[in-house]
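The structures come next, written out as structure tokens.
Okay, so chain A shows up in both of these, paired with chain B first and chain C after.
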Partner chain A sequence: MFTTRKQYEPYVSPFDPCAPILVKTYVTPPNLYVGFQPPNLPQFPLHEALKKGTLWKIFYDPYYSPYEMANKGDGQ
Partner chain B sequence: MWIYEKKLQYPVRVSTCNPKLAKYLIEQYGGADGELAAALRYLNQRYSIPDKVIGLLTDIGTEELAHLEMIATMVYKLTKDATPEQLKEAGLDAHYVNHDRALFYHNAAGVPWTATYIQAKGDPIADLYEDIAAEEKARATYQWIINMSDDPDLNDGLRFLREREIIHAQRFREAVEILKEERDRKKFF
Partner chain C sequence: MKQMPKEYYELLEKLQAVDFALVELTLYLDTHPNDYQAIQQFNQLAQQRKHLKKQYETAYGPLQQYGNSYSNYPWNWNDTPWPWQV
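And then the complex of A and B:
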């Protein structure tokens, strides 16, 4: 399987004017990894799929702001 | 030809009166990677693309118009009852002077929409690669708006729209694979 969040640590200068962000993250969505969609992949139930925006579990990759993460504490 | 269904693709709820969010959201309305640009790009490119992928461009282009309606509804709800004073605080004073509370196709910085945002190169691979890039840019824009927004109901709708960008990018990638026509062939170079 693949991960859809990646991290890197940018260079931090002793003379940076703002408090440095030590770890930066970026998104690598599922569509980068699947290629041509194979048949018979697992699906969400229809009503759930309409809410989530996709029928296919493999492509579901919701994004939460840091604000929401702090409040709900659920993983991205 | 289109058949119009008089409802939104996904329910739009806004829980707080925060016209500032409207200023951000307008990026997805009339911005370079917004829903209008996406719809017009795909619906125009489809005339000069191989038959196998015309339907995909029609379907996705049509869905982008449904997304445009959702963004319009969000912006409208956030601004319809805002006083000029509130709009001023939200940085929408210049918009109010020009448009009152009407929506307009411009980006978050007030730059009006232009056809130079989109391209139709006539080369199927070049056009589909542009479409993939456009979907990834729209996905990123939704992430940055979600990061700036503290409205959980609004974010719910934005998350749906962002998920659709992922699916669209996936389908455009598959379209490229179809045009490559080497999928099932055992061919070694």
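And then the complex of A and C:
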């Protein structure tokens, strides 16, 4: 399933003092995948758009860290 | 102690929501000049904003100055609350 959250595997050295983090994730902004904005995209209702910081649904990006994701997920 | 009524804040938030949408649409229309539906939405929101502004100003005084808003009597644009006191 398409997601803006990408991941990579950092190098793990045998001499690492702490338990290694095997997979790290980072969030990429949604506008990378849109290019020239097509017309008539679905929009948020006005009050929600004000809270979410964008009028169009695809550009909404709360940029949660993976730890926040655990309890909050994508809703706000 | 002067306290603003609840409607004051609701009206301001409505105005803020419409203003935000207008800003977004302006930026969008800068790059999409012939998107007819967005222009329609922009004009509807502009009309809605005028209505909200009129509603606010009759109740709570001018929003802007230098002729952008009508004035009450007496001249009271400098009454509290100022924008940062709201």
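Here is the rule we go by: the second predicted complex is superposed on the first by the 62 of 76 C-alpha atoms of A that agree within 3 Å, B and C clash if a C-alpha of one lies under 4 Å from a C-alpha of the other, contacts with A are read in each partner's own complex, and residues count from 1 in each chain.
FYI, contacts are C-beta pairs under 8 Å (C-beta built on N, C-alpha and C of every residue); 3 or more make two chains touch, one makes a residue touch a chain.
Predicted, not measured: the structure shown is a model, and the values here were computed from it.
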Considering only the touch criterion stated at the top, classify A:Gln37 as touching first (chain B), second (chain C), both, or neither.
both
Contact-wise, after the overlay, does A:Pro29 reach chain B, chain C, both or neither (first, second, both, neither)?
first
Would you check which partner chain A:Glu68 touches, where first means chain B only, second means chain C only, and both and neither mean what they say?
first
Just chain B (first), just chain C (second), both, or neither: which does A:Thr54 touch?
both
Which of the two partners, first being chain B and second being chain C, lies in contact with A:Leu46: first, second, both, or neither?
second
For chain A, which side has the bigger count of touched residues, chain B or chain C?
B
Residues of chain A contacting chain B in one complex and chain C in the other:
36-37, 50, 54
Given the complex, residues on chain C that touch chain A span 13, 16-18, 20-21, 24-25, 28, 31-32, 35, 37-38
Can you tell me which positions in chain A touch chain B when the two form their complex?
27, 29-31, 34-37, 50-54, 59-68
Can you tell me which positions in chain B touch chain A when the two form their complex?
10, 136, 139-140, 142-143, 146-150, 152, 155, 159-164, 166-167, 169-170, 173-174, 177, 183
If we count contacts the way the header does, which residues on chain A are in touch with chain C in the complex?
36-37, 39-40, 46-47, 49-50, 54-56
